[in-house]
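Chain lettering (A, B and C) follows the sequence in which the chains are written, and residue indices restart at 1 in each chain.
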Amino acid sequence: MLYREALNLALDEMMEKDETVVVLGEDVGFYGGNYRVTEGLYAKYGERRVIDTPIAENSIVGTAIGMALGGLRPVAEIMTANFAMLAMDQIVNSMSKLRYMSGGKLLLPMVVRMPQGVVKQLASQHSQSLESMFACVPGIRVFTASDCITAYHGLKTAIMLDDPVIFLEHTLLYFEKFEFSKDSFYNPFKARVLKEGKDLTIFSYLKMVHDVMKVVTQIENTLNISVEVIDVGPLNPLDLETLTNSVKKTKRFVIVEENPKHGGFGANILSAVLEETFYNLDAPPLRIAGEDTPIPYNRKLELLAIPTPEKIYSKIVKWGKENGL
Amino acid sequence: MAYEIVMPQLTDTMEVGKIVRWLKKEGDYVEVNEPIVEIESDKAIMEVPSLRAGYLTKILAEEGEEIPVGSVIAVISESKEEKLDEKLEEKQKPQEKEETQKELVLPQEEIKVEVKQLPPATASPAAKVLAKENGIDIKTLQEEGKLPIPAHEKDVKSYLINEKFQEDAINFLKDYQLNPEDVAKTFSEKEKITIEDVKNFVTINNIPLKKSITSIRKSLIKNLKTSLEIPVFHIFTELDFSNIPKESGFTITTWFIKILGDCIYQYEKLRTRTDEEFYYVYPTANISVAVDVSGELFAPVIKSIEKKSLTEISQELENIKQKAKEGRFSREDLEGATFSVSNLGMYNVTMFDAIIPPNCAGIVAVGKIVNNVAKLTFSFDHRILNGREGAEFINLLQSKFKDDDYIKSLMG
Amino acid sequence: MQQSLAEKFYYLMKLGRVFELRAKEEYMKGNIGGFLHLAIGEEAVHVGATVAFEKGDIFTHYRDHVYAIAKGIEPKYLMAELFGKKTGVAKGKGGSMHFFEPSLNFYGGNAIVGAHIPHAVGMAYARKYRGENTGVLVAFGDGATNSGNFYESLNLASLWKLPIVFLCENNLYAIGTRIDRASAITDIYLKAKPYMMAKQIDGMDVFEVYKAVMEAKEYIQEESKPYFIEALTYRYEPHSMSDTGNYRSARELEIAKSKDPIERLKKSGLLSESYIKYIDDLVEKEIEEAVEFAKNSPEPEETELYTDIYCEVCKNVIP
């Protein structure tokens, strides 16, 4: 099943089950969604529940807050995380704080979903990974989806939660197929162990997970070790238990993230894990992240600015050899 | 001048497009912006126009074909009978754009590693914990060169093991594929574990040494097990060699092979193989002789014995001996026998029985010659011969050994 | 006077049109990547406004190719930028949506809808502050007029009395959403009327656009107050190369094409046949050379990734 189809299925099921679930965003209704995630919903549920908004991100989130206060469960779509910057005031100053400031009286059961990440030559204003901006604000949950199972279950759970959720997707993953069955089970508050190992843990999320899996066998063969790969899953809250248990076992960890290194979210993961596992470690931890530059238009330069499977392989092998593997 | 029309990039994520329908045919004239083909992208089916005017002189992609973006699908020329560039004909095969390559190219050369210049006492936390537990000082050991800088947990473990065991003890453990750490636990009071200690450990715990089986041996085992399926019966007999001329210049083995071969040539059942559907009767007498090569069993074949003289057979036996010494038999050397001979007489064995090799009708096990007489055990494949026939053959063999004229003819 | 203007318009509109068509072709061949938003059909607005505004600052949205050409940036540098080459206006790091040339007072080229409108307001403030009188023009689409950026800018421009022309290209669609489904007021100039001088014009007639923008320019330079123009126009192509455009009817497209600005100019009688032919050939050649230039230009070096992020010179300021 395609990743975007899994999201579509989750939305469809939730809207069918619960009359209060509504979808709003730019071109989500009549047009079918810029990435076809909301395809078919407009025809099925009508314009009352699938709302095409003008280009006004601040108001998309702002009105969704209002709808949530009024008893609906809005699922707002921001076309890409880059445009969410226009809504940052609503996200940071209202969505995350209304419950707290009201002493728990106000509930905001809403989801703001958006894709992020580098696609292909869309230039710097359309290619960012901005999870740090959201994950560091107390009061909102931040989920990520790296394949169909996490997308489907993650989005359904996000809609059912009474907390505001930022649901991060990746634009390039929309067109990829992943395994899926309705009987699958996934708790979006937990990290997932995608592959077990005993000498090294690699943490990652969103599209980087797949880039890691593409080279993990070669890394194992070159360094003669067994590698554990974990999809970090939620960025807020971090499933520290799973993350630290893994590192206590393997004693070494690497984080692979698409956002620029300086200020990137991997630093949070690194410090949280390091605090618990310092004495267990047999090597310094490694972060493989994007370059500290805006993303350029030229394709060759664009690929230099983010981690790729080849770079992940080389960097981990080099680091491994320099640190006792 | 010809203008190539390529599979267009219709959406920013498209990598291949499917030709749905050609709206024009070869030879048609096309205007600028006139739609010429319908193409299915990853989002929708779209009409694609020609961006030049001219004659559609060649269509290079069929309806229903999927073509990668960027590959040529048609040609527009200024004139109807434009001669096509040869290069274009080659380009007909859809080319892979480097982007769409799914195979990862990982760096082949050694990845350059930077050696860090660090002071002694530098070690990972895990190493330090282990060192502390065992009361060793990392800094001193690094200064003495016994631990690397920086030291990792496995370096400390390795050092501790080497300290705990004598060197020959460690090697012994390696042979037995035992984990030094586990063994060390049972000797916790001992300061230094010697090879005697380890040998004791092995004996007390009855730990076997694991030896690998060569592929030749594995193959033999497989064959022997197949041989088990053959319904076998044995005939025990004696053979009198007193008629063989004493100073013939030929070994007893040579005589035996020759006479046995001539009998086999006469007695077709011993030149027969079966797959239980049919009998396959081979035209000539081929006998294999069991030979030991450094502990491995081979059975090289002497072929067409009925045609060969004692001299020739003697020579072949010599060759076999030579090849055995050098350990080189070719596949041809080992194929084609329908009967086999095994001789343990030189090892003082008076009587034994042998297993019939695959594709043979039988085998004879020859014991030591005592007073000119040797005990023979024949094993026959009951699917090919029965007891009477086996006995008949043996009688033939024995009669040949008593036939003076025949024996004389072999000499001459 | 009319004739020389008409000749200039014809040259620039034709140059823009052929550039766009060629960019589309090169995109389909894979030489241009990412997003490509074509201005085919809207040449009258882009050329008329830019020529009228002459030396003033122009801020536009991402459908900026023809504005850039009309402002005087040579097509070959623009084509090279589309090809991602180092000879492009942004050294290959910006792409189609980010053409900038401050020496020509062209401030591009912005991808976040409506975000550049406050930038233009700030620029107008700075120009006024420094006593420079050439004025600022900011162009945006109908989709941008529903965002906070837009209303805040209208308010500030009139509150601070800034010499700025707001030019709204109303082509009726924001990707797939028609204006009546996104905006309560569909005559956009009416949104600005409470704040400033505002009018609606036919954006498919280059002379009308020129006249309106000239008037606006004179007004803002004299009065130092903002002016709003809504130009009714139409884009023939879908929103971008990733869009199928299935939300528009063929009939609507036909009607729009019947008002094609270039054809209209040809039929106006102000141009001689020989001139038209001369320009057609000249433009064909110029664009062909631009593509050749782009194709033969080198890619940027890998070190280019790390340049132009921070101001190297500024480091010297801190002792």
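Assume a residue touches a chain if its C-beta (ideal position, glycine included) is under 8 Å from a C-beta of that chain, and two chains touch if they have at least 3 such contacts.
Protein names from UniProt, one per chain: C = Pyruvate dehydrogenase.
The structure presented is a predicted model; accordingly, all values stated were derived computationally and were not measured.
Peer 1: If every chain is reduced to the average of its C-alpha atoms, which one ends up farthest from subunit C (Pyruvate dehydrogenase)?
Peer 2: Taking each chain's C-alpha mean as its centre, the farthest from subunit C (Pyruvate dehydrogenase) is B.
Peer 1: State which chain is most central when centres are taken as means of Cα atoms.
Peer 2: A
Peer 1: Sort out for me whether B-C or A-B is joined by the greater number of C-beta contact pairs.
Peer 2: Top pair by contacting C-beta pairs is A-B.
Peer 1: Quick check: how many Å separate the C-alpha centres of subunit A and subunit C (Pyruvate dehydrogenase)?
Peer 2: Their C-alpha centroids are separated by 36 Å.
Peer 1: Could you put a whole-Å number on the gap between the CA centroids of subunit A and subunit B?
Peer 2: Between these chains, centre-to-centre, one finds 49 Å.
Peer 1: Can you compute the centre-to-centre distance for subunit B and subunit C (Pyruvate dehydrogenase), using the mean CA position of each chain? Integer Å is fine.
Peer 2: 71
Peer 1: Name the residues of subunit B that each touch 2 or more other chains.
Peer 2: Those would be 12-13, 43.
Peer 1: Give the residues of subunit C (Pyruvate dehydrogenase) that touch two or more other chains, as numbers and ranges in rising order.
Peer 2: 33-35
Peer 1: Where in subunit A do residues touch at least two different other chains?
Peer 2: If we look for residues of subunit A contacting two or more partner chains, we find 120, 122.
Peer 1: Going by the contact rule at the top, pick out the subunit C (Pyruvate dehydrogenase) residues touching subunit B in the complex.
Peer 2: Those in contact with subunit B are residues 21, 25, 27-30, 33-35, 240-242, 244, 246.
Peer 1: Show which residues of subunit C (Pyruvate dehydrogenase) lie in contact with subunit A when the two form their complex.
Peer 2: 33-35, 81, 84-85, 90, 92-98, 110-115, 143-144, 146-149, 174-177, 181-183, 247, 299-300, 302, 304-306, 309
Peer 1: Mind pulling up the subunit A residues that touch subunit B in the complex?
Peer 2: Result: residues 36, 119-120, 122, 175, 214-215, 218, 251, 278-283, 309-310, 313-314, 317-318, 321-324 of subunit A touch subunit B.
Peer 1: Under the stated contact criterion, what part of subunit A meets subunit C (Pyruvate dehydrogenase) in this complex?
Peer 2: Touching subunit C (Pyruvate dehydrogenase): residues 26-27, 30-31, 34, 52-59, 82-83, 85-86, 120-126, 291-294, 296-301, 304-305 of subunit A.
Peer 1: Where on subunit B is subunit A touching in the complex?
Peer 2: Within the complex, subunit B touches subunit A at residues 12-13, 42-43, 104-107, 111-116, 124-129, 150, 152-155.
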